[in-house]
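Chain IDs A, B, C and D follow the sequence of writing; residue 1 opens each chain.
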């Protein structure tokens, strides 16, 4: 058992960071799939669908993540769906990821000038072909920077699942502090680990912004 | 230009996996002993993160009084235990929503809470005491007038300290016991209302020479109950029976002694 | 037999009537220039021809396909009607070669080698054979517009529509694009071009159509129309251009 | 078994929720004023100041944007006393949220400053305006217009992000919710109520931002009320 802050503590925190990364990855993958569907439906879907999705996004974006995670995690249980904590945590965070990433990607799709659709249309491409060969590849390139930037938010925000009993980096820090009562050491180390994960992504995100061959519409 | 179909199949696979997980994950909520036996396991929400009642090792594995107790409950039910760590903020939701079948989570049975859950006879107790710096005089409650006192949010300490009606006393609430204690150690508050065993453990392990548990102002002894959902009356009865038997057989006391280092405070456990 | 037959079409933008019963008949291999002030409906008419805009009344028959107010089989129509835009609209994430081969491959299902052979052929025709590996932001405006023309040509269309294709270009770059178009006209392509280049219309188009207030106001063989405008509106329109 | 909702025990304690909501407004209001002030200083420092200042502010921005607010809060509240700086829970929460917002708003405001073309500034100077006048009459409104969606989005995130402060202080809305939940054990009902109050506050603010935008930019179509309208600003927003 850990008594004071030392090498063993760092090891404990790094293990927590591993869970943070795994959870972030899961969240990104699940949320990303739904976000793509949301983004496409919101730009191309029938009007009632577009409105419903827009409304849902507005509601979720107006609620603190802590509450979203709480309601979606236990909400699933209330309707009789039970998941292992990892999956449950991933799904709850995916709700948040879906609405934000969906909005980001919708922005990227809408940033492609209307004339690109027209030009592809005039070349007799079907709607799906236009999307697949002309719009999405360009939107994808524009979205790289913001997407990686948003992944930083995901990593940082996984800390709220401590609420539902999942021990990731922040919760590991809290537990460690409960044992050692050396908050300065503990949380400084926690912050350093987050920074080590997030800063390279932030840097990459900035780099990816000035992408060649694609310019968003103004 | 293969990526599009890859993406499509990835999306499909995820949808499929999520659906599959949904279908697999359904049977969890058990209400009767039969249901638990059929399921072959009982899911128990256990409060974690409060030494010395429990510890976490470097790999993140939890062990402690409540975990051992939960495992013993499962053993006596003749099924496997699935331990779900909960905290103050999530324990009620975990039980209410059916994520867990019961809670062993340091909960005091208040009439208000008992309107929502069935609370069992107590399986343990804690002595609540004020903890403060050695140089702070604390002989009677009124010595706390104008002081800042930290408590775990929504705990019975919270209710008690807020209810004393001491003039000018400011109650500062934190997420859990450890943060409330932390606030005292780092000097943000003048005192904390804490579980005596927890406070003594912290003082000993962290060599906090200038802090002590004030023994002149005993606040009270509060008992902990397990909780089950309203309609799980059979399980509730069984748990009362279990608690009675483990107390008289001595196994409960042994377990408490092993982790906390003292007998269960307050002598014989009450029943209701 | 006419290659393009427009019959009494009407087009509204909201409550605004922008095409007010336009009819036009264009023969095989004919080159028709459409002129008029901005807002006269000339670009809208062109966009109606390949279904980028819906019409509310009348009908259009082009290359054997029919569009009415209910729409029509736009997909197969567009396979045979090429369109070039004012703002080029090249796909910036694709190379010149990929821009040109995309539609043949995806729409017609032509194999890669064959599509590339076609692409090299049309790129040679627009004088850009050596630029096939470039991206659009590495080309001048004139070059981009010629690639756009090649991109349409690669679909081997029966009719080509040009929507003010030189308006966004610097004067010194319009020449190369006009030359390409002239070569196309000489090769017998049926072409409809909305243009501000009066000189070019007069010289290359077999016929010129003057549109005004959503109607075909006046039309005739180019030389005749420009030399002897009948209506005061056309006279007013071309007068400053002739200086 | 269908779950039976019972809001009565929560409703009995509703005044606590409203008090919490009020405290959330106070807490985030103070943090926003301080955070925007930091952002203005940071943005001007980064664009106009010497290279070392740009570097220093850049380091601050990256440190705060790449670590979670909760950890920042813990460090400020529990860590600073170890170097002799002791803060009350509310003060620590305001400072943490303000520093966090300051980092994000520095970048947002900087983007606004950089988005104004040099030619606009030169045109102002050529008309004989002073540098300050150029900023006042030429730069501010268009710059604000460009970043308005990102900035208001960030303010909304700040309002919502202040819920993190519930970990150390007990006065804002999420904390009030947690207390009620602990007393009544009606968790779903409590947090649904909390969510509704947050949503109501957020929508009210969005409406106010929209009105301000309308007045400020005198346009029929003000910037979209969506959190993220301009994709080039997306990755600058967060908590």
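Keep in mind that, in the parts below, contacts are C-beta pairs under 8 Å (C-beta built on N, C-alpha and C of every residue); 3 or more make two chains touch, one makes a residue touch a chain.
Everything numeric in this text was worked out from a predicted model, so none of it was measured.
Tell me, please, which chain's centre (mean of its C-alpha atoms) is farthest from the centre of chain C?
Relative to chain C, the chain with the farthest C-alpha centre is B.
Measure off the straight-line distance from the CA centroid of chain A to the CA centroid of chain D, and report it in whole Å.
A distance of 20 Å separates the two centres.
Compute the distance, rounded to whole Å, between the mean C-alpha positions of chain B and chain D.
Their C-alpha centroids are separated by 35 Å.
Distance-wise, how many Å sit between the C-alpha centres of chain B and chain C, to the nearest whole number?
Result: the chain centres lie 76 Å from each other.
Could you grab the centroid distance between chain A and chain B? Build each centroid from C-alpha atoms only and quote it in angstrom.
32
Where does chain D touch two or more other chains at once, residue-wise?
3, 78, 82, 166, 187-188, 191 - these are the residues of chain D that touch more than one other chain.
Residues of chain A touching 2+ other chains?
70, 74-75, 78, 133, 177, 183
Which residues does chain B have that touch at least 2 chains other than itself?
In chain B, 29, 89-90, 93, 96-97, 179, 182, 186 touch at least two other chains.
For each chain, which other chains does it touch, given as pairs?
The set of touching chain pairs is A-B, A-C, A-D, B-D.
What does chain A use to touch chain C in their complex?
Of all residues in chain A, those touching chain C are 113, 115-116, 118-126, 129, 133-134, 137-138, 141, 212-215.
Contact residues on chain A for chain D in the complex?
58-59, 61-68, 70-71, 74-75, 78, 100, 103-104, 107-108, 111, 142-143, 145-146, 148-150, 152-153, 156-157, 159-160, 170, 173, 177, 183-184, 187-188, 190-191, 194-195, 198-199, 202, 205-206, 209, 216
Can you list the residues on chain B that touch chain A in the complex?
These residues of chain B touch chain A: 1, 4, 7, 10-11, 14-15, 18, 21-22, 25-26, 28-29, 48-51, 55-60, 84-87, 89-90, 93-94, 96-99, 176, 178-179, 181-182, 185-186, 202, 205-206, 208.
Within the complex, which stretch of chain D touches chain B?
1, 3, 9, 77-78, 81-82, 86-89, 166-170, 175, 178-179, 181-188, 191
What residues on chain D touch chain A, complex-wise?
Residues of chain D touching chain A: 3, 62-63, 65-72, 74-75, 78-79, 82-83, 156, 160-161, 163-164, 166, 174, 187-188, 191-192, 194-195, 198-199, 202-203, 206, 226-232, 234-236, 238-239.
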